[in-house]
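Here come two complexes built around subunit A, the first alongside subunit B, the second alongside subunit C.
Here is the complex of A and B:
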């Protein structure tokens, strides 16, 4: 049934179906999107698992990510080298975690990675200030930013060290009613 | 000489040993290293890697042995089974890692028995089917696309209004189903439908006034007769009553459930109504935004939310700084304003009384048909106008009373809901009072509710097309005229629109006993209202900058609905239990029948044990133990909640103290390390430096009293 596709072997598609939240059709569609980002770089035949990575600048210009203030951090947290170069596996992984069907715990782990700008496993005040400035595009004055970040840390910090560890973050985010609905990209 | 120079150079280069040796910044470098070795961090990392380790070790051995061989700390037995059947997608590793785990699982499958593998594949299949069904059901909900558009353009609050509207449509559909089952069905089969023909005096006006043709139709109470279904416990009046009570009871359960669920979502460890800034920062941005206009809008929403929060902070600061004479003056002002509000309410009630008296006392034939139509509709017109203007006046009044923005909105809302429900209640009381001795007063009640319901819908329609749309055209075509300046930009005022919905649903509940087809009318009008409001919002309104928070306001909506339902139940109860309305002259109870007659007949036919039980349940001897039990259960829940709260506070304190213990110890460790390094080079200076700083050698937790 359907077209006989030659991009992936059946075994590969099964593996993708089990390891991500996508169906076969969606995986093929994702490959199409990946390919059109750089048609001369991305091979059409993935049966031999080619080693092809697209740079950050190409991925960040996708319409789904273009308007997102955290687009750079999102791509960086899913890339293995931390620089934002995504192979197709990482590309699929990124959209799988951000899809509707990913559970809250998984999304919370990656959300923490995204908001952790200096990658030190803690959300310190500077991370929060950077997040806030990206959110509001620097429309708040520095004093207001300081006040808001201070209040945010006060609210979420459980162990009193003036920064948010993953436990603090997860504790706060599990009670947020709209986390699942906002932290989701449809592709 | 050379050595001195070297020493000086060394001194300049190694900054840490001279200043800021004990500041937290320079300790950061050491802290991260030692933090990595702490058992708690190790355990955290272990949790995340546990599945892959488990799978690796299970693949290396076969059978039940792997369970004993895992020696990575204190893992419990239970989760192991879940871990190997946990979906691969939920694991936190890159795709290659998941692929390896999958291959390992595949190899493992050949080691387990036939039944295990069959069970496992069945559970995976069932999970997939359930997920697909869930997705399909979600897609069946109507108007999803509209809701998404509205959410994108106007924010969560306006979307919450439309979600509430959709919920009310479903509720009314459920009522229709119940009515057709309990009331219309038996009447269709067993009742007589002889007088459903157009009579001589009928006209189209009957559809508006509820008289004539409509009076004799199934729309009103008077149509239903005892019919031929006459078993003692299964007759038309009993079914009628059962239908109405089921409707009210089901509505009660659904509304209470949604109120409680919504309340649980907004209750966060005692911080009930405060703004949660951390949510705004981390969950504020909607990742699915794709076009620039929505992004700019969303950004302005977030900025306004934060500005609102900052404003509330500065307001509470200002409030704390109020001097005594200022406070006295403010309270006096608030008292005067409350008196004004009460007098406005009193005036409104008098107006309604006057309108009801006029409408009841007029005789139909001495006026032109249009005048009589207006006079018949006078009470609904008055009520609607009162409900239209007074809430806006309340809004203006509350802005003078110097409350924070949220309190202003809540105060206006409270006053408006009191106005709406009380005006309905007063109206019912006046109608009740004035139709004391008229035959078939149920039909009269039903007629009034029918007229109220109709006029509500008419008012919504006129508001949209005769007021909102021209105002928008005025803003567009002549933006600099005086009128445009006066009217200002149109915003979709969520609280007032929700109040309208709650009011119309309350009217539907109050009237369902007297006018059984009211839910059907309600469904149709609500669906039409959805499209009218959609038109108003998308074409005529501009997004409001200061918004009510979406999730907490849904609790408020459902709570107001609950108030309306209680009022409807109270009205019905009063109607049944007042002595001189016990006998009916029309309707399914027949001439001279009553509620107690009918139920008494049924109870008398039950077996004697059931009768004694029922008698006991309705006597006072049962009520007292029941109340006592409820009080005891409530007390136990409340005290358990308080004990949990205390435990949470204590645990939080412990957490803070142990964390500062940890930091103190790490600092000490870092200092000692550095001291060891520096004793070789700058011994004298370092010791002199360190001594005055080292005045606190006691950990924080033992310092506290």
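Here is the complex of A and C:
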């Protein structure tokens, strides 16, 4: 179908279409975006699977992520080394999970990872406090922050250990009516 | 062999669900490659033995099908228009405003398909294969109207050449078949007219079903207030710094409000005063609705009288009174309802629902009053049609008698009258319904949507921006400031316009094409207006949990606009001299005729049997019973769900209390504890007998205690039990 492009082989494109929620055109567009973040670092020819990673600072400046208070956490959760350096595979993966077509369960898993600031697989009180401060740009008083975090844990904690495990988080987030429409980035 | 086949199937399933797995991309690619290699290697092996060629063929077809589907998906996404525009709007205003534009785009797609149907199956055959303009009376402008037929003012109201063109019902010829291909135009007209409703219904219901799956479980509003606020309030689509600042501010305000709500005790409300105010508000609103209905009826009656009197002396205002009044009501009443609703003192989300319901009732009432007034006029025209028909026949008979008596033959050629001079019947379909729908739609749309945007948003923004330099107070922060995009008003407007299109499409085939143009210009115009003149919302209250609220409204409007059309098809007789059904008793006679004459005999028999009341009554009864049964089934499921929820909640509470070493808060547990025997009261034990107290005091609770004891051990175990129950039900 008019494949004059030489960036990927056809098998690679088919594999990407099987592994993500994107179509061929969108994958090529994503590569364009990835390339323009660092034209000298990112090769145009991906047929040989080059090993190229872009640092956190470059990715976080994308217009889609620039205004997001959780942009650092988002990029870190999708990077293999946890420091925010994304290869093209991880870049595509990130936007695939955040796209419209990803199912609720998959998004819940990654939302949990994003909000888990100390990366211990639990949302403890400090994680919640950090989330809240980022959301309100620290406009709330410490007592208010304490109250909100306490209430949130009370509401969602099912097994009574004063922190949210993934089961608690998932139970709470899958019922939220707004979750799918807000946890969505269009690229 | 079987095991191998199973393994191959499993690998295929893995490939299909690969994108839903939360793995790293590298792992996915590796797994994909492995699975694909395995499938390819062993699929060939499976084909050995009997039916090898057939199996290989099946496999090849399956692969081709997958490739075709993927190419088609790629093609479809390439065809979706306005993706950049919507993304811009989203990043500036968030997902709720953008949802309006997504809805507009969906409507555009729907209308495009309807237009394709109408154009391809009705308009094109008539234009290409039917008789040209001017050949028969219905296709020619009458002699009296010819001098003014090209005037701009007449064309603007769709009179003159427009009225006698393929845009309207009256142009179509009633020949059974036309052209070389023997295309059955009247049948096609009727079927397309009904098919438009069928297709729209199918598409709306399919979209609703898709949205319903995303709706999420119904959790109570108050269950997770703070958690949801914390984790789902940030809109990831926002890409604009100003919008982001706005969002931070609104999130902070919303948290502060929830904190205050949480800390405040219930105020001592004066229930009676509140109830009285609510009743008063509802009474006022109902009287407003009644008043507007009566006003419309009155104005339509007056316009009929104007039409009977001389045309030339009427001012523009008097000629367009009906549309003007309807648009005015649509503009004035909603803010009026909002101010009256201040008396009611509801939570903003509930107040918004009431407001939407009232606006809906207003539009509906207006529309149906208008239709009833219209039907009076249609009946009057039918009466006058009878008299014209009689006079035409009388003239023809006269001519016949004269001719045969003069020339002494019985073979009388048809009178040689120019088509423009023939006496016309009043052709109620075109003149009343077709024209009214057209003119009403255009005028109301131009007035309400475009002018409102121009004046309410653009002029306001310009004045605020430039007058601010020389005004005493800060116009931008204070009174007028910039407007916010009114989502619900716009969506309702879109839905009602679509309802009018559905009503008018049968009588004015060109209407659908016009609507496509209108939606196209609307998209660009409103995108420009929203980016240029509006600011993001300060408070965001979504009226609905999912998009199904507006879809449900659209479905309702579809049914309501279906009713008048079906009524006219079934009961009113078509005009005798215009349109594709002229000469028939009722419009659906075309279908009966086709079944009798063109289809083989046994199909006619089948239809006669199928429409027998003896068959239809049991069928209806069966459907009612099926409805009742499904309803009972769903109630049973709901009850089972509630029971499960309650059990899980109880287990959770028990677990929490156990960890915190608190006493049980569950009332039943407390009662049970009270009922445990008090050892100090028991007489000194006799060896064989068990103490009588346990038997006589706790018979009723023993089974509950047993059941509860099953749940207290472990939360995971309880969860497993609950899952087991739910699987049993599925």
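Following the convention adopted for this analysis, the second predicted complex is superposed on the first by the 184 of 187 C-alpha atoms of A that agree within 3 Å, B and C clash if a C-alpha of one lies under 4 Å from a C-alpha of the other, contacts with A are read in each partner's own complex, and residues count from 1 in each chain.
Quick note on the criterion: a contact is a pair of C-beta atoms (placed from the backbone, for glycine too) under 8 Å apart; a residue touches a chain by one contact, two chains touch by 3 or more.
All of these numbers come straight from a predicted model, not from anything done at the bench.
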Do subunit B and subunit C fit side by side on subunit A in the superposed arrangement, or is it a clash? clash
So, A:24: does it touch subunit B (first), subunit C (second), both, or neither? second
If you stack the two complexes on chain A, which partner ends up touching A:13: first (subunit B), second (subunit C), both, or neither? neither
Using the superposition on chain A described above, determine whether A:104 touches subunit B (first), subunit C (second), both, or neither. second
After superposition on the shared chain, which partner residues are touched by A:120: those of subunit B (first), subunit C (second), both, or neither? first
Which holds for A:86: it touches subunit B only (first), subunit C only (second), both, or neither? neither
With both complexes superposed on chain A, which partner does A:174 reach: first (subunit B), second (subunit C), both or neither? second
Both partners, subunit B and subunit C, contact subunit A at residues 15, 18-21, 63-64, 66-70, 80, 89-90, 92-93, 96, 98, 102-103, 105-106, 109, 111, 115, 128, 131-132, 135-137, 139-140, 144, 147-148, 151-152, 155-156, 158-161, 172-173, 175-179, 181-186
Residue positions on subunit C within touch of subunit A in the complex are 15, 18-22, 24-26, 28-29, 32-33, 70-71, 73-74, 77-78, 86-87, 90-91, 95, 99, 214-219, 223-228, 230-241, 243-244, 248, 251-252, 255-256, 258-259, 262, 542, 545-546, 652, 655-656, 659-660, 715
Residue numbers of subunit A touching subunit C in their complex, please. 1, 14-15, 17-21, 23-26, 63-64, 66-70, 80, 89-90, 92-93, 96, 98, 102-106, 109-111, 115, 128, 131-132, 135-137, 139-140, 144, 147-148, 151-152, 155-156, 158-161, 172-186
Quick one: in the complex, what on subunit B touches subunit A? 32, 44, 48, 87-90, 92, 94-96, 98-99, 102, 131, 156, 265-266, 268, 271, 276-279, 281-292, 294-295, 299, 302-303, 306-307, 309-310, 313, 550-551, 652, 655-660, 663
Residues on subunit A engaged by subunit B in the complex (per definition of touch): 15-16, 18-21, 63-64, 66-70, 80, 89-90, 92-93, 96, 98, 101-103, 105-106, 109, 111, 115, 120, 128, 131-132, 135-137, 139-140, 144, 147-149, 151-152, 155-156, 158-161, 166-167, 169, 172-173, 175-179, 181-186
